[in-house]
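Labels A, B, C and D are assigned to the chains in the order they are written; within every chain, residues are numbered from 1.
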Amino acid sequence: MPLLELCNVTKFFGKLAALENINLTVREGEVLGIVGPNGSGKSTMINVISGYYRPSRGTIVFNGKKISGMRPDRIARRGLARTFQSNVLFEGATVLESVMVGSYLQYRTNAWQSFFDTKTYRDEFEEVVGRVLDLLKTFELFNDTFLPAAGLSHGYQRMLGIVMALLANPTVLLLDEPTTGMNHEEAMFVVENIKKISAQGTTVILIEHNMRVLMDLVTRVVVLNFGNKIAEGTPEEVMNNQEVIEAYLGTEQL
Amino acid sequence: MPPAGIWIDGLIQSCIYMTMAFGMVLVFSILGILNWTHGQFYMLGAFVVYYAFTAVGIPFPVAMLIAGVVVGGLGMLVEKLIIERVNIPSAQGALYVTVATMALIFFFEGAASMLFGMQEKGLAMVFPGVLDLGSLSVSYQKIAVIIFTLIIMTAMYIMLNRTKVGLAIRAAAQEPDAARLYGISVKRTSLLVMGIGCALAAMAGSIMAPVYAINPFIGRIPMIMSLLAIIIGGLGSLTGAIVGGIILGFVNSVVAYRLSYFSEVVLFAFVIVLLLVRPQGLFGTPLK
Amino acid sequence: MKRWYNIATMVVITVMVLGVAWAPRPAHAEEPSIIKIGVPTAMSGPAAAWGQAGKAAYETWVEVFNKAGGFRVGDKTYHFQVIHVDDKNSPEGGAAAAKQLIYGEKVKFLAGHWTWNFPAIAAVSNPAKVIFMTRTGNEAVPGGVYNPKKMPYVVFANPSHEQFTSDCLAITKAFPKYKKIGILDCTLGKGIGWDYVDAALDKEGVRYHHEWFPVGTQDFAPYITRFAEAGCDIVYVAGWIGEAMAFAKQRWEMGYKDMRVGHSGPFITPLAYLGVCGKEAAQGFIGQYWACWDFKVTKVKRTYVKMCKEVMEILSEKQGKPFVYTGWIGWLPSHLLILSQAMEKAGTVDDPDAIMEAIRGGTFETTTGTWTMSGAETYGSPIVFGCPSALSTIKGDKEVYLSEYPMKPLP
Amino acid sequence: MRRIFDYKTLIPRWIAVLLAVPFIILPLFTTNLATLSMIILSGIWAIAAMGFTLILRTGQFSLGQAAFMAIGGYTSAILTVKLGWPFWPSFLLAGVVAGIIAMVIGSVVLRVGGVYFSIITLALGEVIRIVAMQWEPVTRGSRGLITGPPDPIPLGVFEINFAVSAVPYYYFMIVLVAVTGVIFWQIGRSRLGGTFFSIAANPILAEHQGIHLMKYRVIAFTIAGVFTGFAGSYYAHFLSTMTPYMLGLWESIQIMIMSIVGGVSSLVGGPLAGALVLYALGIYLSRLPVYGIQQLLFGTAVVAVLLFMPKGTGLVDLWDKFWRKVFREPEFYEIPSVE
């Protein structure tokens, strides 16, 4: 059975439909790319799935549970984490603080145990810190651990965002343009890590402009235009799809 | 059905709250902050008129303008020296502005009670006499209040809709970034708007000076009332401020007439309920 | 260079600020012949005008009193000294002020004259065995805080509700033509025993109607209309000065020209009323009156009248314009006279019980006439005396003696 | 490791204790009521300000804190005066009641955020004040309730008697502040504090990390309510009276000013510094014979702090700077061993 399923999802802003009757099924373990020209509703789609917006119509089913209309934190608890395009920082926090706050779902002990600073909490805390620092190492953020997150370069802020999303121990990871604002090396580095992540069995849905990145990363591509799904399939199929080419030629040069 | 006297009274109150709330919302829509010192500018306006009229002997309308100019300048000074420097671009900025303006409440009240003393003063001699219409009678002062408020409001309307300045202000209010692109200095606009807002408060105070007694603490109630008016009308909406002021004025006086001293709890409860069911008020833009 | 200049100025400023902040209060000479009287009174807030006008008068009066030889107990001569502390016109302020005076200034006697913070002050002064001479107090009604058994060191001039009753009766006696009296008070004054006022008025066959307005009200039109509809032709305002003025002005503006207005407080100066209300609206405004040289019914000792007149002259010279506020005469001076005479009787100045013994049931010459502690049948307490409700009214820009109503104990 | 969310308050425990010593031994030198009551009252305001800061940590800005003091004060005053309870149980109950009311109100009101929350709390404070004013049979309206001192605590031979001097009040105040301070300090350092911090810093992101905003806002509001209630109860009994006008809008503003000027970077140090300095300032200024000058200078002082301190810092951060200068502490605190 599909892991995540959207049926007839529609989102209106006032009169304007940012998403129209989107039907989509995401299978376990795949890497799904969402492409489309600017304003085609890619981010809206992520926002609707992650609960930031509630869909005007249609339902979203995740693990056989209906999640459309749930609060974002409930959705996140069910294992559906996301990154943001811009809004990734906790104001005034260092990298470590950000990820420690982000690791909220890592704990099994409750707030009171942490308040009374019990043994179990301390052990779990050390354990979490270890996990966090490992993640920071894998994403080359370890050296900046104690620096204010706002001081990081744009690319590294994205990586911080991914780290925090991972800390919500997701089964589905929604990445909103993870590589924009990065140079090629950084982008490739992120791609590698995303591959690792999906290799560990996490399903990944990502929005991407950079086709080259997309090609060697995703197993399946969905193309949106003006809030409608105009194509779906393997990258090759999609690239040869006439409608897609037009949609893109209309906006940006491939 | 309350007698005509109550409605006239409601109209008078609407006039203050309208003028006050308008200035406050104007400031809010540009600077994005509530100026909690607004009521003290009202008080200062009343005092300026009082001294200009009694001590110097300037005719009342001129004294009103003087009050507007003086207090408006004071407001600009506050904006330039304090608010602008305290209002840092972050979530905390608004907080610091709130604290600063609230501290200024104490500052101005203290200064006023040092300079002018705490005894009640009055300007009853400005428009003496009562217009007797048989069943009800209206004092010339109240008629003057209504006239002056209309003049001020029309002036504001023309200023906002017919002049370049007004255009700039409205642009900066709606689309700060776009306005910046069109070469409108938001800094200067906000300075100007702060001046206008405080001038409006001072005008309200000086209009009311002949009607009520003047002391250093008269600013507090009008401040809270205009705050409620803004909430009713919707934060950041100019028409909202006017309508809210009018509603509040009449509600205030009619409810007081019906329930005497229970009126205040009715007002506050009403506002709380309104905030819970419709935070954006009547005319405000809905929140996310 | 400039930097040093800045630092220097900073230092100077800091020193000055600290100097101001830590400046010790003026040291009061501790000679045995000085009796310190603590006066918790309103120097700020809506009653500040009374408090500040009173302060000047009291200090001058005490000077005059001391110059006239003070008073003798045994073979020693004693002088009074008054220490004013701002009670912020609120109960907690009153309690704080009383604590400061009793524990900080080590005063043995308090004399204040505010109404709604009496209970708080008494709760502090009484356990400390400090004699508290209060002109008016809220809680002397049965079931109120004041209980002569529990508070043996509190001396009343006249409790609020008695003053109000007596004022209302004085007004109705002065103007038999008024059929119904409206009584307006701030919600602050709700609990001060209006039901006893009503009982007394009923007994005298006076018709009345009550209204209360929320604190900070500036616009009295609704209340004026309610009074008019209740058919009141005279309204007695028991609020602060500003409120009484606003009421008088607005009733005039709303066309109720023949609705007369009275106030529970004395005038500071009639000019304020003329300024706020306008000339016509202020005419006939009734206030309390204490210029005892005009009293017709109550007889006052000539020497005291002379003293008071002297004080008024001194103050007039001091402030350059005539000092017309007479409210102070009925307050602190009468307290101090009672106290001094009681001390002479008791032959001691520092045994509160003996002094209270002398006060109970005693007869005293005060600036408001001769009073025998007559409260016994009213409050089961022999330590309440009365004051005449002497009224004055505004004629032209002058305050003139109107009438007085010697207080009788309430049923 | 636990210190990361209060890394701006670099005061090790022993320093904190050291700072407390002069206050603990003060009564040995002076038992002057004016001095003691000044410190007692600033302690009370400090607790209220801590509550305000805690709520501020969740990004909400309450203008109704004095109302919770009033609730606490009235609860214990009614229990002691009307029902004749002893002081201590009613003191505890005061905090509980204030907390419960805070929870109920908060779970309704915290839905609206930003300036709306400030205004709605302001209005709530006024409503509570008016209710206290009008509910004659219970609160005795404007006459207020005249509360007695706490009942004496027998300690073997002698007993602690609150009626005779202010020293017992003083020491109980110290204890109360210490307990509150320790609890808030612990909250600031525990995961709770971190969660609050994240909600204030970036609610959207926090929510997508699985944090239920409402829940934690209500928790903060309730905790603040409880301790504010304690403070209010103690306030009422120290001033020996409880009236509707003791704790209104202007007191809420005072609490807020103390918290901000003291510095919101620290849950405990900031409010303490703010309350001590500003309240002491107010008291000493009120000695000046010119009426009105105290408000004037008070306002000036607050504005000066806001202008001349680096933004986002308060008086407590002066100590912070000093500490870094003296001990060469890094701007961002090194974490002790993590393995």
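Here is the rule we use: contacts are C-beta pairs under 8 Å (C-beta built on N, C-alpha and C of every residue); 3 or more make two chains touch, one makes a residue touch a chain.
Note that the coordinates shown come from a computational prediction; the quantities given were computed from them, not determined experimentally.
Trainee: Moving only to chains each one touches, count the minimum steps from subunit C until you reach subunit D.
Mentor: 1
Trainee: If you average the CA coordinates per chain, which chain's centre is most distant from that of subunit B?
Mentor: A
Trainee: Could you put a whole-Å number on the gap between the CA centroids of subunit A and subunit C?
Mentor: It comes to 74 Å between the two C-alpha centres.
Trainee: At what distance in angstrom does the C-alpha mean of subunit D lie from that of subunit B?
Mentor: The computed centroid separation for subunit B versus subunit D comes out at 33 Å.
Trainee: Measuring from the mean C-alpha position of subunit B to the mean C-alpha position of subunit C, what distance in angstrom results?
Mentor: 37
Trainee: Please work out the Cα centroid separation of subunit A and subunit B, and write it as a whole number of Å.
Mentor: 48
Trainee: Touching two or more other chains, which residues of subunit D qualify?
Mentor: Counting only residues that touch two or more other chains, subunit D contributes 130, 134, 201, 291-292, 312.
Trainee: Spell out, as numbers or ranges, the residues of subunit A touching 2 or more other chains.
Mentor: Touching at least two other chains: 91.
Trainee: On subunit C, where are the residues touching two or more other chains?
Mentor: Only 44, 48, 52, 187, 214 qualify.
Trainee: Please name which positions on subunit A make contact with subunit D in the complex.
Mentor: Listed in rising order, the residues are 50, 52, 71-73, 76-77, 81-82, 84, 87-94, 96-97, 100-102, 104-105, 107, 111, 114-115, 117, 125-126, 129-130, 133, 145-148, 164, 167-168.
Trainee: Spell out the part of subunit B that touches subunit D in their complex, as residue ranges.
Mentor: 34, 82, 85-86, 88, 90-92, 94-96, 98-100, 102-114, 118, 216, 224, 227-228, 231, 235, 261-262, 264-265, 268-269, 271-272, 275-276, 279
Trainee: Help me check something: in the complex, which residues belonging to subunit D touch subunit A?
Mentor: It is residues 1-2, 4-5, 186-187, 190-192, 194-195, 197-198, 201-202, 204-213, 219, 312, 332-335, 338-339 of subunit D that touch subunit A.
Trainee: For a test of understanding, state which residues of subunit B touch subunit C in their complex under the given definition.
Mentor: On the subunit B side, the touching residues are 2-3, 5-6, 8-9, 12-13, 113, 118-125, 128, 130, 132, 136-139, 141-142, 212-213, 215, 217-218, 220-221, 252-254, 256-257, 260-261, 263-264.
Trainee: Across the complex, what residues on subunit C touch subunit D?
Mentor: Against subunit D, the touching part of subunit C is residues 20-23, 25, 43-44, 48, 52, 86, 90-92, 95-96, 99-100, 103-104, 116, 119-120, 123-124, 127, 138-139, 144-145, 187-192, 214-215.
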